[in-house]
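Input: structures, listed below.
In the two complexes below, subunit A is the common chain; its partner is subunit B in one and subunit C in the other.
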Partner chain A sequence: MEKDFSRRSFIKGMAVGTMAGYFGAAGLSSTVFKSQLLPKEKLNPVDIGQVKSLKIKVISETSWYDNNVFLNDVKKAGGLLVNQYEIPWTREGVKAGYLGDNLGGFSTYIEAELMDGKVIKILQDTGWNPHWMDKRFKEEGIAEKLARKEIDFQVITHEHIDHFFGIESTTRHYPDIPMYVPKGFYQDGFDLLKGKSFPKANVKNDHPHKGKVTVLDSKQVNVLYPGIALMTFDVPIILRVFGEQAFVFNVKDKGIVLVTGCCHQGIISYMEEVRKKILGGQKIYAVQGGLHISPFEDWDPQYDDLIMAFNKYGVQKIGCNHCTGFITAEKMIKAGLPVVKGTARHMSKRDIYLGNGDELVIA
Partner chain B sequence: MEEDVKEVKKEKGWGSGILVGLLVGIVLFMLTYQLLLMAK
Partner chain C sequence: MSANALDTLWLEERSLTNLIKQPAIRGILDTLLAFAVFMGLWWVFMDPRGVLRWYTPQYGYMYIRWLLIVAIWQAYIFNFWPFKLTWMEKTHPLKKGLILIAINFVVTGLLVWVFYYNIFGRLAIPYFSWPELKKTGLSDFFSREYSSLAILMMAAIASWLSPIWPAAFENYPWHNLKQPAKGFTVFAVTFLLTTYAYLIFMHPHYRVLFYPWQEYTAAFPWWYDSFHTLSGNFNVGWIMCATVSVWLLETIMERYPFRLVKSQPWRGLTGFAFILLLAWILFFTFTFMQDMVWGPSVEGAKRLMAPDWRYLHNGELAVILLTVALALYFYFDNWPRKFSTEVNLLIRVAITIIGAWGIHWLYYKYSPQLLGTQSGYSHPQQFPMAPVILFINVMLYHNWFMDGWPGKRIKQDLKVA
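On to the complex of A and B.
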């Protein structure tokens, strides 16, 4: 028997067997036995509590009126990485603009009813063009609420032009409003808050902010009231901005409601972070605000994957607008996602998603 | 004829080689996996 045995054949067989065994084991462990072998995800979710109900009103979702004019301003200044405080933004002669001004702005008003019945009133962002924002604040009763100091605090989601440069529309009524900004705010932003002008960018603040400014970082979930939290994301953004924060509400009997400014952190990353860090984060009931997918109405095939991924989370209401893009909304609706329709009023161009003056109620 | 028989006999050993190789391969993979986990 031993005489028939070939050492060379045995070694050849062993070489083939080793390769097959190694890659076979790798293949099986990453597929069939994946769940048994991979280390379990360590989750330590934060219980943020609950609110009874939520009302989200779009004050303005129109950041600017003419995309081409906006992009031309950026191009002439040197591109998307140029400091936003040094770009001469077009403020007159724009046919589609508000009184010829291309600037609009983003702002949302939120009322969250706590479990004890107390209603917390929040102003998210303050827009860009003070004339436009003053008009919208007046039309929606925000100016009066600010003047009566009824609004509990303001959250600046990020430092971008259209969310922050219209700060005087808020501070002219309520200069000491408590304010939350994300970590990464530049000194220019704090200077604008304090009343500095930036003539090159056509931005000023004649009503310096005198209240408390709290800078929130990304190390923890920042619970402001039971059921109301802010999450900060360390994300670099175009036009030399860094950091964005977004709301997480936990509405009783409904689930988690996410309210964003522009969502530069990415909607999937945002939902994943919520799933990992917030108790109940597996059930995201609604998403509201800008989703930053096709703000300039361009389309990339990878966005189709994003919509497919979004579809898996089972979100029941999508109150998107602003930088989400009309093409994205169309594709979402086609994919069966529950996009909430708007009314196309107050210079919002289409009713495909929530526009200026529209409201999303979660109760 | 005798030469031919000799040639066939020389090919013996493949089967046991593959069996031993498979085991070695699996053990090697497990070691790499553990090392990677430890490095993490």
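On to the complex of A and C.
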């Protein structure tokens, strides 16, 4: 015990310390101070124009067929932070797979009719397993459109295996297709585009890309055509991927339509950004694509936060699929969210949401 | 510790002599040595590019957290029992360190694989057991991740409550017991309290984690209305701030001011209250800082904007703060010491804050290259707490188990308590 201690000095010390601590730190975070101190965000929403109508066709939303096989590949390799180019993905002997191959892929075909009647044709992502993607591209007429160079450009939403590793399914038909990738693409991704193989991950590209690649960053809204824009998000993603971009369409008389690959940025964050940065962003009419909530039918209480908050945004059509997960779709429907049903064809497992070959038309 | 303490630890009575005389050089070399050992351990056990790759992430993170708790048990609760204190003083630090670290690893392994996976998880709550979860039909990967998360959440609470009894209550009212009776008593009490606290603060997280919600077995997350998330990360955040508060008080703050209280249990109760107060100050300050940098969080959002990630990041920021405080305490002799207690303390706090800012910057700039993590602040599958706590573990091993050798060594003429 210190010799000079007294009850008075202790109380004094405690009082001074507590007051100083409170006002110096916690006090600042009280609601009153916070509202006064937080910097006001300057909003300068971009007018991206309008399109007349939109057709969104799911080419493939089935990225892999057996969750356990996929997750075992990840586990054996060392978990969710391991580089996707270093993981030996299972390609045969999977009962639920396509010809025994566990890999499928994600790709969406979009037709946006401009106000002058011109139709812009977009291929979003290119899947994973080239055999599967070749089949789907043929079945949906994408291969022909690519061969005839009818497709205006391709957008790679992010570098993930199931959205990008099937690149040769696109480039075999149309090697110089103009391409947009998000900032954050690793050199491995550019190398794969140019024809490099990654034997450990069982991925190759025998048809090097020869066209223009545009890297889009997150500093601004990237307007491609009137009513068609891309927004990029600087997000770190599992399996050593960084950055994702997603579409914003403004459909006349309907409102904003968001089309995503996986939406790793989070659908709520995405909608919040659209509200702030896009003129008319307060009225989000529809959302389509993967929402990356329970891709492995896994769960986290944070995902319930998301579902409970979703209703506040007044979205009228949710054409989700892919990494949204069945559990999420079930919970969304239970929460009264307008999830668009699919038809469960072409190896899509359930009709709870849009599946392979299903179409969402906004007109 | 104050002169009239009820119970003192061997660590407090141990007297060390400096083998490297120049304090700044010694401090820098010690820090670099600890960092090198940390990097080696990270590469072998955790790094996604390394040997065992346990940082999947929850599985490796769980071990890191329990290694810390077991070290606290060894040094603070069992006072190094079953080893005699004469052995602690006379044995070469390298030999002693290797034996104590080996025990630390073995006890952690037994806890996880025997107690949690095969007793508690099998006979009481299945989500504590990887094999039991797998039996329910969950994937092998998520069975391991979910059970690891539960086990490490228990460790988060233990890291707060376990050291409070020796540090604040000086083991009152069991201070007169001999080891191992004292150790087992304090261990039992703190472990029991940890279990109760877990059931209140973390178990509701698991009601919501599984589908459908487990409404018959766990309460609804009671913090939801006030803190806008169902995730237990809210509790992880403030509890980590509380853990850090314990150690800030124990190290750079020298148990000031609650050490001024004359008698137990009042000193302990005051200490406990002060720890909670400091924890909430840290928690709200960090929340506010994040709001200032990134804007207010948004309910339902993910990553940077998610309320639950912000709370978790509060804990991460607190642990970074602690790393600097411990380095200052262990490696730089808790500099400065020449002023009054209050001035010394304020200078140390200032150094800790500045150092934490530096480490924060260094971590987010260089961890992808050094640790194999992904760049960016908010990644749903990585936790800065994992490498930072492993570095803390290395510092504890070095200073508690090895007397800070080769920078320092125990004085051989020390009187054994």
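Convention: the second predicted complex is superposed on the first by the 322 of 363 C-alpha atoms of A that agree within 3 Å, B and C clash if a C-alpha of one lies under 4 Å from a C-alpha of the other, contacts with A are read in each partner's own complex, and residues count from 1 in each chain.
The rule we apply is simple: a contact is a pair of C-beta atoms (placed from the backbone, for glycine too) under 8 Å apart; a residue touches a chain by one contact, two chains touch by 3 or more.
Quick caveat, the model's predicted, so the values are computed rather than measured.
If you count the residues of subunit A touched by subunit B and by subunit C, you find the higher number for C. When the two complexes are overlaid on their common chain A, residue A:115 makes contact with neither subunit B nor subunit C. In the superposed pair of complexes, A:43 makes contact with neither subunit B nor subunit C. By the touch criterion stated above, A:363 is placed in contact with neither subunit B nor subunit C. When both complexes are overlaid on chain A, the residue A:335 reaches neither subunit B nor subunit C. Taken together, the two complexes place residues 5, 9-10, 13-14, 17-18, 21-22, 25-26, 29, 37, 39 of subunit A in contact with subunit B and also with subunit C. Taken in their complex, subunit C has these residues touching subunit A: 2-4, 48-49, 53-57, 59, 139-142, 144, 205, 208-211, 221, 228-233, 257, 260-262, 277-278, 280-282, 284-285, 287-288, 291-292, 295-296, 298-309, 342, 372-376, 378-382. Taken in their complex, subunit A has these residues touching subunit B: 3-26, 29, 37, 39. Residue ranges on subunit B touching subunit A, taken from their complex, read 9-26, 28-30, 33, 37.
Touching subunit C in their complex are the following residues of subunit A: 1-2, 5, 9-10, 13-14, 17-18, 21-22, 25-26, 28-30, 34, 37-39, 41, 67-68, 71-72, 74-75, 77-83, 234-238, 240-242, 264-266, 268-269, 272, 296, 298-302, 304-310, 327, 331.
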